[in-house]
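Read through the structures below before going on.
Okay, so subunit A shows up in both of these, paired with subunit B first and subunit C after.
On to the complex of A and B.
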C-alpha cells in the first residue's frame, strides 16, 4: 500500500476536519476503554498475568531461532509446509506460486494484518485472482477501497450510514426496497453474501495470533467465525504470519490468551479461538488439502537485540491505540501505513524506515496511557524516544527545531548566563502582556497561539524574587 | 463567581528534633512564569517540618533535550542538576513531569555509565513530586488552608502514571476548609500539552485540549487545579481562547492558602 506517513501533519489536518471520522472516533473513546477496565477489574490476577505474558514472550524472543526450528519440524510432521519470506515482495511471490499451482481464481481471507503489510490484495488483483475479505469490517473497507484504520476494528472509522450506502451500491442484485437501517440487517446481508464465497474459494488465507512450536499449530482468535470457515472450507489454507508470533507451548499460549481479549475488547475470551495443525488428515471429513505457513521477517529480525526488541512482544490487541489521545483525535489512517497508534509509532519506523515514518514517534505527548494498558508491558513511550534519538543522530529533525533546541540547551547548561537572560526577559514579557496577563499572539510562538492564549509570566523570575525576598539562602550552592 | 481567598489557619509546624533538608527544584516553568507556585511550595514544605534550600545552579531538568532525542545535552544537564542537589536529604519539585524526569529518567540516561550510575541512583531515590512528598514522606493529612470555592482537578500524566500521584492531591484538597471538589470527567486523559508536542503538532494538540476544555466547563467549577504548570498553561490558554470563565491555578497555591495573586493567564 501507498505510504503516506511522511505527510502525517497534512493527514491529521484532513482527519480533524472530517466530521464523519470524528463522530466515529468517539466510539473508540467511549467503547473500548470502559470494557477493558471492567474486564481487568474482574480478574484479580490480571496484572500478574501481564507479568507472566511478558516473561513468556521475552523468553521466546531470546530463543526465537530454536523455537522457529522446532515449529517448522512440527508443521512438516503434520503434513504442512513453512515458507520463509524475507520481505513483502518475497512473501507475495511465495503466495503467487502456491496460487498458480492450484490455479486459484478466488481467495477468501480471514483478518490478517500481515496481508496488509505485504499488500496482498492489490497484488492478487494484478494477477487476476479475486481476494474476498470475510471479516465484516475488512469486507466493508474492501468495498470502499480503503485500508484498516485500527488493527482489531478495521472499519472503526466508517459509520452505519456509509456502510448502508456501500452495500446498496455493491449488492445490486438484492431488493432495493430492503431495510438496511439496523446493524443486524447489515450483518445478515454481509453474511448471506459471504457464505456463498467460502465453498467457492480455491484458497483460504488467515493470519495467526500465535504459532506454537510444541505442536506446529497456528491459532486465530475471531468473533465472527469467519476465520474458521475461511480455513476449513477453502481447499488450501495459507497462514500469513510474522516471526514474532512464535510461542513455545500450548500452555504458554493459553496464558497470553487470558490477557489478549480482555485488553482488546474487554471480552474474557474472543468468541472463537481456532487451532489448526496441518492439512486434512486421512480420517478427517473436512479441512484443506494443503496447509502452508508464510513466515514473514520484513525487518523484524533486525530488531532483535536492539532497543526495539521489546516491540516484538506485541500481540496486536489494540489497547494502546484505544487509549491514545492522539489516535482519538486523528484516527488510524493519519499514521499513513498499516499500523497506527502507539504500537505503529514504534513498529512502523522499524519496518519502513524512520526517514519515512519520523513523524509517528514524535506525534506523542508521552502521556504514558498506552504503556499503562499494554498487556505485554511494552515501554512504548521509551521506544518512541529511542526513535527520536535516532532521528537526532541522523539530523532528520527540521532545522528550526534543531536550532531552537541547541539554543535552549546552550543556556540551560550555563546557569549564570541563563539567569541573566531570563531575569531580563520575563519582566519584559510581563510588561508586554499588560493588564490582560496573557497574549493572543506572540512572535515565534504561533504553534501555541494559533489555538490558545499564552499566559504571561508574573514578572520577576522565582530565583530573582526569592533572592530579593529576604529568605535566607541557607546552604544552597 | 465568588471565591473567598484562602487563608492559612493557625497550624503548628511539625517540629521534629531533626529537620530534614529539602532542596527545592523549582522547575523552569515555575521559575519563569509563576514564581507564586515556588513560594507556595516553600510554605508547604516548611510547614511539613523541613528545612528548605533553593540551590542556585538550577535551570531546567533537561526534559526538552531528553524527549527530543538529544541525549548529550540531557546528560550534561542531568549532571548539573545532580551535582547541585545530591547533597540534600530530599529533592522536591512542584511538578510530576520534572520530578519523574529526575526520578525515573535520569537512571535510564546513566544506565551504561558505571561511574555515574550509583550516584544517579542515590540522587533519584531522594526525588519527590511536591504533593506526594507532603503526604507519603511527611505524613501530612491536613493543610489547614481554607477556600470557599468549588474546584476541579486534572491528573497530569507523568505524575499520575510515572509517580502514582492520584489520591494524594485529592486527600489534601479535601482538607481545605470550604473547598468542594468536583471530579473532572476523564481527569486522567492527557491535556494535549506534551512539551514541544503542542507546538510541533498544534492542530492535534488543539483537538485534545479542546475536549479537555469541554470537560472542564462541564464541571461548572470555580477553579481548575493541577500539579504541573505546563498542563495548566495549556489548559488555561485554551479556556481563555474559548472564553470559558474559570480560574486556573497550581494546586500548591490552594494548599498553601496563597491564592491572593491573579490566576494563571489573568481573569477573563
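On to the complex of A and C.
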C-alpha cells in the first residue's frame, strides 16, 4: 500500500475539512469509551489482570526464541507447516508459492492486519488471484478501494448512506428498488453475497490474535463468524501472524483474553474465540486439508532489546485510538499507513522508518489517555518521546525548528538569563498586541496563528506574579 | 529460504535478549517449566461460587450476550424442547446434527422433526450441537470439532441449538482448559475448539450492534439436569 505518512500534516488538513469523515468519527467516542469503562468496572480483577498480562508478555518476549521453537514443533506435529518470513516481500512470495501449488483462483479472508502490512490484496490481484474480504467492515472498504482506518473497526470512517451507495454500485444484479435504508438490510445483503464465497475459496486466510506454544494453536477472536467460516470452509487455511503473537500456554492466553475484549469493544468475551490446531483430522468431516502459518518478522526482532521493546506487547485491541483526541479529530487514514492512533505512532516509525513516519509521534497532545487504557500497560507517550528525540538526533526536522529548539534549550539551561529575557519580552509583547490583546500573526509561529489567535501575555511573568501573590516567599532564585 | 530465515530470526532474538550459553540452560528450564506446569494466573472471583449460583451466573451472562436459555430435566425432554423452539420461531421442523452418541440416542419419534446428520452444506436453517462445557464467568459455550459435532454446524445455520449438561458448567475458563487437557492430553487439542458467547454480530456500520452477521442469528442453549450432579468434574486449580 502507498505510504502517505510523510504528508501527515496535509492529510490532517484534508481530514478536518471532510464533512463525511467528521460525521463518521463521532461514532468512535460514543461507540467505545463508555463500553470499555463499564466492562472494566464490572471486573474487580481487571487491573490485576492487566499487570499479569504485561508480565506474561514480558516473560514471553524474553524467551521468544524458545517459545517459537516449541510452537513450530507442535504445529508440525499436528500436520501443519510454519514458514518464516523476513519481510513483507518474503511473506508475499511464500503465500504465492502456496497459492500456485494449490492452483488457487479465489482467496477468502478473515480480518488480518498483517495482510495489510504486507499488502497482500494488491499483490494477489497482480497475480490473477481474487481476494475476497469477508469481515463486513473489510468488505465495505474493499468495495471502496480503501484501507482500514481502525484496527478493529476498519470501516469506522464510512457512514451508512455511503455503504448503501457502494452496495448499489457493486451488487448490480440485485433489484435496484430494494430498500437499503436500515443497517440490518445492508448486513443481510453482505451476508448473502459472502456466504457463497466461503466454500468456493481455494484458500482461506486469517490473522491470529495469539499463537500458543504449548499446543501449536492459532487463535482468532471475532464477533461476526466470518473468520471461522473462512478458515473452516477454505480448502487450505493460511494464518498470517507476526512473531510477537506467541503465547506460552492456554492459561496465559486465558489471562490476556480477559483484558482483550473488554478493552476493545467492552464485551466480556467476544462472540467467537476459536482455537485452531493443524489441518482436518481423520475424525473430522469438515475443516481445511492444509494448514500453514506464515510467521512474519518485518523488523520486530530488531525492536527487542531497544526502548521500543514494550510495543511488542501490543495485542491490537484499539483502545489507545478509541481514547485518543488526535485520532478522534483526524481519523485513521491521516496516519498514512496500516496502524493508526497512538500504537501506530509508535509502531509505524519502527516498521517503515522514522524518516517517513516522523510526524506521527508528534501527533500527540501527551494527554496520556492511551497509556491509561492500554491493557498491556504500554508506555505509549514515553515511546513517542523517544521517537521525537531520535527524529531530532537524526536531523530530520526543518532547520527553523532545530534552530528554535536549540535557542530555547540554550535559555532553558540558564534560568537567570531566561527570566531576565522573559521579564523584558512579556511587557514588550503586551505593548505590541495593543488593545485586542491577541496576535493574529506572529513571525515563525504561523503553525499556531493560521488556526487561532495567539493570546498576548498580561505583562508580568508567571514567576513574578507568583512571587507577588504571597505564595512565593521570595524564593525566586 | 525459510529455514535460513528461521535461523536468522531466532539468532536476532537471542542476541537481543542477551541469551548467552552461560544462562541458556536456565532460560530453557524456565520455558520447559511453564509449558509443563501451566500456571493459572488470576482467576476472577465471580465464578468461584457453589454449583447452583454458578449455573445462574452462566444463564445470566449468556442472556446478556443475547443467547436464549431453557432448562430441561433430562435427555428425554430434549426433542420436545427443540420442537417447541422451532414452532415458536416459525422455523421448518428440520435440524442438522452430528453423530454425538448423546444426540443419536435422542428419540424424536414423538415430534414431527426431520433429523439429518453430518456437517452443514450451508442450506440448513437450524443445527443442533452438544457442548463440551460452559463457562459461567462469561456465559460462554465450549464446543470441539470432530464427527460428533462438526464445526460447520456452529457457524453456517441461522439458528444454532446447543445442549449442555448443567454439571458441565465450570466457573472459569481455566477449569475448562484443565478438562480439555485431561481429555485430550497435555499439549494436545482437537483441531478446533470454539468458545462461543452469544449469536454472531457486527457493529461495522456506524457502530450499531446488529445480530446475525455471518454466523447464526440466534443461539439457543438447552441446559440439562441439575448443577453439581452427573459428569465428574476436574478440580479447577
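FYI, the second predicted complex is superposed on the first by the 457 of 477 C-alpha atoms of A that agree within 3 Å, B and C clash if a C-alpha of one lies under 4 Å from a C-alpha of the other, contacts with A are read in each partner's own complex, and residues count from 1 in each chain.
Going forward, a contact is a pair of C-beta atoms (placed from the backbone, for glycine too) under 8 Å apart; a residue touches a chain by one contact, two chains touch by 3 or more.
Keep in mind it's a predicted model, so treat the numbers as computed, not measured.
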Message: For the combined arrangement obtained by superposing on subunit A, do subunit B and subunit C clash, or do they fit?
response: fit
Query: Where does A:301 make contact in the superposed view: on subunit B (first), on subunit C (second), on both, or on neither?
result: second
Message: Quick check for you: in the superposed arrangement, does A:215 touch first (subunit B), second (subunit C), both or neither?
response: second
Message: Contacts for A:252 in the overlay, against subunit B (first) and subunit C (second): which applies, first, second, both or neither?
response: second
Message: Which partner chains sit in contact with A:13 here, subunit B, subunit C, both or neither? Use first/second/both/neither.
response: first
- request: Kindly classify A:62 by the partners it touches after superposition: subunit B alone (first), subunit C alone (second), both, or neither?
  value: second
Task: Considering only touches as defined above, state whether A:163 meets subunit B (first), subunit C (second), both or neither.
output: second
Query: Looking at the overlay, what does A:372 touch: subunit B (first), subunit C (second), both, or neither?
result: first
Query: In the superposed model, does subunit B or subunit C contact more residues of subunit A?
result: C
- prompt: In the superposed arrangement, which partner chain does A:225 touch: subunit B (first), subunit C (second), both, or neither?
  reply: second
- request: Tell me which partner A:281 touches in the superposition: subunit B (first), subunit C (second), both or neither.
  value: second
- request: Quick one: minimum Cα-Cα distance, subunit B versus subunit C, in the superposed arrangement, integer Å.
  value: 19
Task: Show which residues of subunit A both subunit B and subunit C reach, each in its own complex.
output: none
Field: Partner subunit A, residues of subunit B touching it in the complex
entry: 21, 23, 26, 28, 30-36, 38-39, 42, 51-60, 62, 64-71, 73, 76-77, 80, 84, 87, 108, 157-158, 161-162, 188-190, 192-210, 233-234, 236-238, 240-241, 261-262, 264-266
- request: Over in the complex, which subunit A residues touch subunit B? Could you list them?
  value: 9, 12-13, 16, 325-326, 328-330, 362-369, 371-372, 382, 385, 387-393, 397, 401, 405, 408-409, 411-413, 415, 418, 422, 426, 435-438, 440, 445, 447-448, 450-458, 460-463, 465-466, 469, 471, 473-477
Task: Using the touch definition up top, name the residues of subunit C that touch subunit A in the complex.
output: 1-3, 5-6, 8-10, 12-19, 27-28, 30-31, 34-35, 38-42, 44-46, 61, 65, 98, 118-119, 122, 137-140, 145-147, 150-152, 154-156, 173-174, 177, 180-181, 187-208, 210, 212-216
- prompt: Quick one: in the complex, what on subunit A touches subunit C?
  reply: 24, 27-28, 30-32, 43-45, 48-49, 52, 56, 59, 61-70, 72, 74, 78, 83-86, 90, 94, 134-137, 140, 153-156, 158-160, 163, 183-184, 186-188, 191, 194-195, 199, 213-215, 217, 223-226, 228-229, 232-233, 243, 248-252, 254-255, 257-258, 265, 267-281, 283-287, 295, 297, 301-302, 304-306
